[in-house]
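What follows is a set of structures to go through.
In what follows, chain A forms one complex with chain B and a second complex with chain C.
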Partner chain A sequence: METKIINKQDLAKLIDGLISAGARTVAPVKVGQMHLFQEVRSPAEAVFDYFLARRSPKEFLFPQTEPIFSYTRQKDSVKIHPVDMAFPRTVVFGLRPCDAAGPGILDALFAWDYEDKFWFNRREQTAFVSMTCAQADHACFCSSVGLSPDAADTGADLHLTLLDDGQRYFVEAPTGKGKKLVSEFPSLFKPATDSDAAARGSAGEKAKGLITRKLDLSNVKQWLGSHFTDELWERLSAKCIGCGACAFECPTCHCFDFQDEATPEGGVRCKNWDSCCIDNFTLHASGHNPRNIQHKRYRQRIMHKFKYYIDKFGKTLCTGCGRCSRQCPVTLDIAEVLENIAAKAASGS
Partner chain B sequence: MSEYDNISNEIRELAAKLLARGEVDVVIGYKPTALPGRTQPAFAYKPEDAREFVFNPLCVSGLPLYLTKAKPEISAKDRIAIVAKGCDVKNIVALQRENQIRREKIKVIGVVCKGVVGKYGRCDGKTEPKPEDLDEKCRYCDVNTPRDYDYLIGEKIESSPQSKEKEFEEINRIEKLSPRERWKFWEEHFKRCIKCYACSKVCPLCYCNRCIVDKTMPRWIDPSSHARGNLAWNIIRAQHLAGRCTGCGECERSCPMDIPLMLLNKKLERESEELFGYRSGYNPHDPIPLAVFREEDDDEFVR
Partner chain C sequence: MNSNGNQNIYQPKLIRVIDKIQETPDVFTFKWRFVDEKENEAFDFKVGQFGEFTVFGEGESTFDICNSPTQKEYNEFCCRVVGKVTKALSKVEPGETLGFRGPYGGSFPVDKYKGSNMLFISGGIALPPVRCVIDYCLAKRSDYAGLTILYGARTVDDLVYKYMLKDWGSRPDVKLVTTVDPGGETPDWKGEVGFVPAILEKMNPSRENTYVVLIGPPIMIKISMQVLGKLGFDPGRIYTSLENKMKCGVGKCGRCNVGNVYVCKDGPVFTYSEILALPQEDI
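Now for the complex of A and B:
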């Protein structure tokens, strides 16, 4: 893998250079007490000494609301107007590995029985620059789902690790897009020495040490396969209030709904984020709802992430970012649910 | 043993007793979680389940939402006991006022509360939060000793809320802005809304079977999370709570996008008090301003 060094000033120049080149340049920005991924107009707006953005950056590939076509009503016909499918070049900086892993997990879904051009055209245009974590909390469990706080191989195009001098980032370029980004700004990237590589190694180890939550998920999928009905579901998730806070912040949740926003003259059909935890997610037109009570909805969240998606696409639909636990209004901690399942599986119940 | 250990023990004992004697089917309370600085709602169905209960300043969640028809798993139980701080009791009173619960079926385990930790406050859960770590609502709390209960846990205390002036400082500031500046203020906040509806789902008084946002014939509110849809949603949410909201702060605490919803709620709370002399959550028999007609009501706005 190609490796380089970039110092803080040159990283700012890289951001500046991309903005000047007309790229939509996105980075974590401080908004009130939280950080959000937002387009920046100058490198000074970007904050890299941060924990995790409140929302994952999935919205840059899969916006929370996206018009897919519009229409106007004529006398006795309807005219359909396609939307522009050319998306701007975008570079997203400062993702943590748990965010960076999201798109690679979701590619299979968006290419499943129909290739979603909205996702793939954006994907084509977007590069991701991830960074080794500097903080973690007890909701984080990335290392239990095959990731790590210093992982460079998540699918990110560049991965940066701040070395212990606090000034220089060790740069790894795992993808072609990443290498191209380096070659576009050759003067900003310096060669990396063996001792830099060693320093990157120890910085990575330090980051790994931040993770306090370790789950054993080895039997979880199997248990889920035979426990669609179990006392555990109601016991652990009756408290769920059925909001979208968890799914809408999650880097891997991808459910959407089609909605028409119309006037008598015409309208727009939109693709909007949705969540299996919301009560009308499975509400039929007849009024029947197969998931008629909250714990059946929360069960879908766990089943989808730790069984169905693995069955279908071979990947766990969770990167262990912990957002859902942290932001849940009633502290429904997904790691606690997984721990309970693992314990049941281990005890054979 | 700390004060909170004593309170927790008393709750455990009482809950276990109520369940053992068959006086209630479920007790709603709080239990610990592995996440530091947090607790979680918990339901005890058997006396031994009550062993997990705790009470401390990390018990921020408003439990009365589990009494509403939005949460049939629990609220459909015949006899329920619920652990409630003073502000939670206000929500119980408001639910009673709106005929959403049968008060005689509910045993309220009122807890004397010295305040809970704010969304960004720090607290170890063993001692009460420092003033700067307190939740905003607790600074103005006049119900530290709940106003209605079947059992009371903790020593009664007098409330000493900070002045109204302080409480409405930010609202007064915003009221003085020009309409354009005010618009900009809210636009900046509402543009972050992701329409997760946590604000409504967590609110005990948002109990409609079918929320107006889900109605499609006709569609009143754009479902998308764009400027128009977000504005419509946030106005509707606040308006539907006007004169009903008790100021528990759960919506703002739950909002993952940190939208200052309490500014809207409290502004409407003040209107309701000034125009109709009504404060929600204080008296289960007061007439509800939006549900009664009085000849002397202000009708200047009807033209």
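Now for the complex of A and C:
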């Protein structure tokens, strides 16, 4: 893997350079008490000394709402107006390795048989720059789903690790896109020495040590396969209020809905994030609802992420970022649910 | 295999309603063609596939393409009024423009059925999705052995495709049995009276070299399955089509996911043994 060094001033220059080059440049920005990924107009807006953004950066490939076509009514017919599917070059800075892992997990879904070009055209145009974690909390469990707070290769094009001098980042370029970004701004990236590589190694070890929550997921999928019905579901998830916040903040939830907004002259159809935890997700027009009570909806969340998606696409639909636990209004902690399942699996119940 | 090039898979094509038939008080058949003639020539689909139909300004709904692909001049779907989009559809008249995406989903393995007896069992509004298979078998009549159709509805009024039933009933190479629920008969009703599973039991069909296509309301399916089980039918030779709620139809929106399948893409046609492998409660 190509490695380099970039110092803090030069990182600012890189952001500046991309903005000048016309790229949509996105970074964590402080908004009230939280950090959000937003387009920045100057490097000063970007905050890298931060924990984790409130929402995952999924929205830069798959916005919360977007028009998929519009139409106008004509005398005897209708005219469809396609939306522009060419998207601007975008560089997103400051992802954590868990966030960088999201898109690679979802590619298979957005590609099977039919390609969602909203996703892939944006994906082509977008580069991700991740950073080794400086903080973690009790909700973080990335290392239990095969990731790590210092991993360079979870999906980012460039990965930066702040070295202990607090001024210089060790740069890894795991993809062609990342290497191109380096070669586009050659003066900003300095060669990395062996001692830099060693410092990166110890910074990585320090980051790994931040993760205190370790789950044993080895038997979870198998347990799920035979416990669609179990007392655990109601016991642990009856308190879910079906707000959908967990899915909206999630780097890997992909469910969406279509909504038409219309006037007598025409209208637009939008594709909007949705969640299996919301009560009308599977409500048929007839009134029949297979998931007619909240714990069945939450069960779908766990089943889909830790069994179905793995069976279908070979990947766990979770990066361990912990947002859903942290921000759930009723403190329904996904890691706790998984711990309970693991315990049941271990005890054979 | 990606089939859509750089196309927007969520954008419908325009179709025009060329005829509308009121089947029952709340069921309508729509015949349609693409507005763009070139699309009509290019269009092909497999028996049992569905489409996403747009009523502009109201939304999109899922309906089976209920004619056989051997019928080329126009296509059909049949819709029961239940909610917003279907209510709007009931007001759509010939000449009006709708949107269409499709054909989507898997199909009935009509080639595998060749040489076999076919037993079609259906109830209520679920005849249209069975009809595409019946029509196909009739169009290729010599490829199939016996064709038996059992169709029931709540009342005589609720029977759809009365004109087709008449045609099938008059054919010497089709055995048609129609029934209505007890109390649903009229004085001049000549068919059976009783629930579909009870009539099925009475018919006592042979499982020899037979495939079954079974589509209907959940309760009808459940009890019919018990009867078929008693008669020794193999669930692997019984086919049905699921109607889980859908949005995208192309395996992206997650709506139709049940167990390890996305019904829109892995289905909607399944054998009964495949259905038994799914979490029943979620269907």
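To be clear about the criterion, the second predicted complex is superposed on the first by the 349 of 349 C-alpha atoms of A that agree within 3 Å, B and C clash if a C-alpha of one lies under 4 Å from a C-alpha of the other, contacts with A are read in each partner's own complex, and residues count from 1 in each chain.
Assume a contact is a pair of C-beta atoms (placed from the backbone, for glycine too) under 8 Å apart; a residue touches a chain by one contact, two chains touch by 3 or more.
Keep in mind that this is a model prediction, so the values were computed, not measured.
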Joint occupancy of chain A by chain B and chain C, clash or fit: fit
Touching partner for A:Asp113 - first (chain B), second (chain C), both, neither: second
First (chain B), second (chain C), both or neither touched by A:Glu39: neither
First, second, both or neither for A:Cys276, with chain B first and chain C second: second
Partner chain in contact with A:Asp230 - chain B first, chain C second, else both or neither: neither
Touched partner set for A:Asp16, first chain B, second chain C, both or neither: neither
Which of chain B and chain C A:His138 touches, first, second, both or neither: first
Contacts of A:Phe256 with chain B and chain C, given as first, second, both or neither: second
Chain B versus chain C as contact partner of A:Leu332, first or second or both or neither: first
Which of chain B and chain C A:Glu2 touches, first, second, both or neither: neither
Superposition-derived angle with apex at the Cα centre of chain A and sides reaching chain B and chain C, degrees in steps of 10: 90
Minimal inter-chain CA distance - chain C and chain B, angstrom: 6
Intersection of chain A interface sets (partners chain B, chain C): 257, 259, 262
Partner chain A, residues of chain C touching it in the complex: 1-4, 6-12, 14, 16, 35, 54, 56-60, 82-84, 86, 95, 97, 99, 218, 243-245, 247-248, 250-255, 257-260, 262, 265, 279, 281-283
Residues of chain B that touch chain A when the two form their complex: 33-36, 38-43, 61, 65-66, 70-74, 119-120, 192, 194-198, 201-202, 214, 219, 222-226, 229, 250, 253-254, 256-258
Residues of chain A touching chain C in the complex: 68-69, 71, 73, 76-78, 80, 82-83, 85, 109-118, 121, 228-229, 254-260, 262, 267, 269, 271, 274, 276, 281-286, 288, 290-291, 296, 300, 303-304, 307-308, 311-312
Footprint of chain B on chain A - complex, ascending: 31-34, 36, 54-55, 64-65, 137-139, 213, 234, 238-239, 241-245, 247-249, 257, 259, 261-262, 270, 272-273, 275, 278, 280, 293-295, 325-327, 329-333, 335-336
